[in-house]
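Next come two complexes built around chain A: one with chain B, the other with chain C.
Let's look at the complex of A and B:
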């Protein structure tokens, strides 16, 4: 049966809205920003957007359930601190495992509160954000930890074939895996069902409690990945500033990407486009010598516009 | 017996009083000086600086929403006050309130009319206003030298050396807030909108208008709080106010406001804010745990209170401890 025109438009906007916006922005920058069209800028853009992208991947799942996780920045900080401590003593593998496990524990805590005890995700993760950041500071007494371990920092500087930074490979792998999981496996279908109508999903036999908790755990694990990659790139970790206020960027990437904020089908490719778009805004602001503060305002306008347009596409 | 009945009634209407009592007992055990007039007036002075934010947050929570931008509006209020203090005292008081009301209005539009989920809408506003503050004053502390005397009275004035002007204003605000919620139509509307928006619409109450009112008041009170603090301190750091939203939510929630909306009282918020203030005070007085732990405990307290709230509400709505089917997860 042929879909009505409005539904066709909605599908188009949903699936390609972020990509269209990204294309428009790229064109705008190629024309108006000096030095934008260069290979270095291209790789820089992708490498720098790794952190936001990792956070946004996990956030996509949580927002698709209808909730939110604003503790990702603090989870990132805690994982990074633990990792930095271990790496500076020479145990890289143990550090990575511990970092991921801690983050998963935090995600499990948040997920249980939200799924089982039906506490508003907003409040649960807001408190968790405070607690985790406080714990991260307590662990190192507020000091910045530097991890000058060659094996570890060398990893972040690998370039495949001498050209492609390893972060790009990680991004591609992550997006590919998430796309397959969400769009080709039953997990994605269940998630969409739960996001659209939690009660109906529960009655249909989907284990909604496990699903919801799992999404929060995954989100925190992705946050720990982001922390690991960031620490490897920057070779040090400051508990006060690592991941600070990055949750808003992650939410922005997801919202621009087209995942409905009230819950619904997660749009992985859209999130990818959103993350790159936001990083492009930051780079654009930098290259035009505008102060960083303006980028905050620009990003806000983008978020509001994205929500408005996606919502209009719904009706 | 009569006294006992009175106490029972008071506790039942404000369960957080029990928490306050426990906190007072704990505090006086930990530190000998706690119950001294000086210390208690210190505590009251502290809570009256950021207390108004919690009252504003109560209005928004009653409507079933939340306002995460209060920290940024606080900073904006501070900056605007400093800027206009060079021109006239009247403007220095009016302009921050106007700015707070304006951004509160925007919040209300986003959440009420555009129907954005509250967390996305107010996080966006939070980011926008923080960016605005950074644009206005750069990254360094902003100060305009000595403030005019009448402004300084606002923040630093005292009577009898323990009743401060901010405290008096806070008490007046509490009374006004209580009056608004209990005796005016606008206030009663907030309870209905938070309790059951569909019923509210059917009764003829405009949900967007109520939300806009609540957010505007919240914005005004946050800016007002920023104004009071800056007249006391004299300068404004651009990243100031971060964390105020958590403290405000904690104050309202500990005081008995349900995050799902429809339940809450100004007196409860006062008790909640006092408990948080006492906690900070006790924490600062002890040297056993480092200051970084304070954030951990604040978050933990909020989770604990919300957890208890969730369990109680769940019991109230289903009558049983747990129901498997037909409850949306």
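Let's look at the complex of A and C:
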């Protein structure tokens, strides 16, 4: 039956659209981009996507609730600064814990504003965006902090089996865990319900205030992970530039991945594909020696196409 | 009288469902023609085919003597067919005038001709006898007037055929009278009305003829003057049903065990001191006019809305639910009256919709057991006879009546002590209504208490063990078993209003009385 096929096609596009796009771009680059087909490129691609991917994982949850978190870049900065300060004095573990806790506190603040006081997520996280970056700068008087601690920086250079960068392992684990949480646990079911119809979810007995707040907390925690990993890789942290405007890329990755912007089922694999795809565009443009601006235009086209196709699939 | 509309041999299918199978439907000029049938019978689909929202797989539409094929609703409206929907399609933040003309704004060389728009829409509204200021925002008016606005819109588009889908479901008695007045005015102007409703009394009052659909098939067309209510019901349902007998309980209510007690509930602005009690296994009806505070009382009990004073006891223990999830944990359930805003999860599957409130029963350490989930969902799909091709179907694709059944299933799956049902049979066909009533009875016999809020008195009379009548947020009266019948309920509702009026006159001092004398 012709009708059934079209419906199935729409559903496929919705669920695997980002993966298909990723595959197409990969093929294109393998053919037309010199030096693309190499192991180094492959690992580089994944390692470079780590930061955005981490941010996007947390962002996926918040967007699934129908909200948005534009403070993740600043959260990243604050976590990173605190960590760098601790590491430069030799306290790695304490630094990590403190970084995560501070981020969680910020997320709790934003989440409470949204869930309990009904403030628009954009507005609530906007305040956090300014506040956290301000605190980050004040804490170090605006100076860049370097953390030349061998144990710490060595971590970022670990290659498993001498081949696989540690960041790749982290990505795979993170995506796997998130996929299970969203698709097999009751948290995921509740999140999907809440994103679809918050009023109905509330009446159905879901603790929507706790759920919504928790998503913002998780998002900030992921932002702190991104900050930790980036600091380890770069071995320093500049409070003004760390994570600056990265929230936009994170949101782009989630949108391309297929999670409904108005709230609904989080698409974890989609976000992964979206993040890698967008990073691939940056690398592709580099390798063709084209100016950076073109990468932005290509990304824009991808984002618009993604939104259009996802909405078609929804109907 | 000529036929203004002839739909011949219309067929329409969706994946897994044959919604319409060679259906015929004709409407004469200037007649009010009812379209009846159970939910899933195909009424909504037929109307959507007529108004261009769906394209039929087969058959033809002849309107005003010309063969038509509408590609979208705009074309249908331009041709003269307008629809007034059950769930209002108006834009609350725009003015009445803008809502009437949206999509068809009168223009001058600078853009929209606001003056002309306001003037013409005010004339239109006045001509229909409505007291509306077209320059006011639509949401400053109540549901009834908003609905009148959508009728005005239909007329403004020079509609020759107006389809009204369950127009009276949110209206009280006076507003229904107003609506019928407008429908008669439309008739005078030669405009035909297709009236979709489940309310037999209203259909017999206002309609000339009725057509019945059943399971996507055309059953027949009948003159209202030549058919009885019972005959009509049997045409729709296919079996004979008696209306209005009270059921006899096989297990008695457990008088010793009070499941829920509310004392002196005050919830601003609609609840002004309500007290009630529900025993185990009892079906307590909550009657009253629209706006009397029944839903607000339920919401206060359930934790959806806050209350300023009063006490609530569940199983003898005092509780104060601040959020619904606390009430659900305590064993309460609440099937709300507006499933679209507060019940349906549209892009979620039927299976997940049914199990969403019972997750803790099918989970272990946070992980969902898909097997248990399917078992639970299948159990209730079977029990409530929910019509869906598969349990993976998204809820938004089901008919209104089946959506309501899914929400009911959701609550029954939580195994509650007490279930609050707020207008559970609204927008459901006669057959499904009977099924829902049977279920309510079944669960009451098993010891689940029911708080049954309804505007359909016959429903309450048939199923309740006791009835409490609310009036302006207070308890106006209670009826025990033997005294339960429609006249008695009406009397308490009416009696209270007579009392009110005389009280107001006493308080008025030297105000003029109704007959012109001074007191």
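Methods note: the second predicted complex is superposed on the first by the 308 of 315 C-alpha atoms of A that agree within 3 Å, B and C clash if a C-alpha of one lies under 4 Å from a C-alpha of the other, contacts with A are read in each partner's own complex, and residues count from 1 in each chain.
The rule is short, and it goes like this: a contact is a pair of C-beta atoms (placed from the backbone, for glycine too) under 8 Å apart; a residue touches a chain by one contact, two chains touch by 3 or more.
Being a predicted model, the structure only gives us computed values, none of them experimental.
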{"item": "Clash or fit (per the criteria above) of chain B with chain C on chain A", "value": "clash"}
{"item": "In the superposition, chain B vs chain C on chain A residues touched", "value": "B"}
{"item": "Chain B versus chain C as contact partner of A:199, first or second or both or neither", "value": "both"}
{"item": "Which superposed partner A:209 touches (first chain B, second chain C, both, neither)", "value": "both"}
{"item": "Touching partner for A:241 - first (chain B), second (chain C), both, neither", "value": "neither"}
{"item": "Touched partner set for A:190, first chain B, second chain C, both or neither", "value": "second"}
{"item": "Partner chain(s) touched by A:122 [first = chain B, second = chain C, both, neither]", "value": "first"}
{"item": "Which of chain B and chain C A:286 touches, first, second, both or neither", "value": "neither"}
{"item": "Clashing chain B stretch [against chain C; choices 202-210, 220-228 or 310-318]", "value": "202-210"}
{"item": "Doubly contacted residues of chain A, that is, touched by chain B and again by chain C", "value": "199, 201-203, 208-209"}
{"item": "Complex interface listing, chain A residues touching chain C", "value": "1, 3-4, 7, 184-187, 189-190, 192-193, 196-197, 199-209, 260, 264-265, 314"}
{"item": "Touching residues (chain side chain A, partner chain B) in the complex", "value": "68, 70, 113, 115, 117-120, 122-124, 126-131, 133-135, 137-138, 141-142, 194, 198-199, 201-203, 208-209, 212, 245, 248, 251, 255, 261-262, 291-297, 299-301, 303-304, 307-308, 311"}
{"item": "Chain B to chain A touching residues, read off their complex", "value": "66, 68, 110, 114-121, 123-128, 130-135, 138, 243, 245-246, 249, 253, 259-260, 290, 292-296, 298-300, 302-303, 306-307, 310-311, 314, 325-329"}
{"item": "Complex contact set, residues of chain C against chain A", "value": "13-15, 302, 304, 323-325, 327-329, 334, 336, 341-348, 352, 355-357, 359-360, 363, 366-368, 410, 414"}
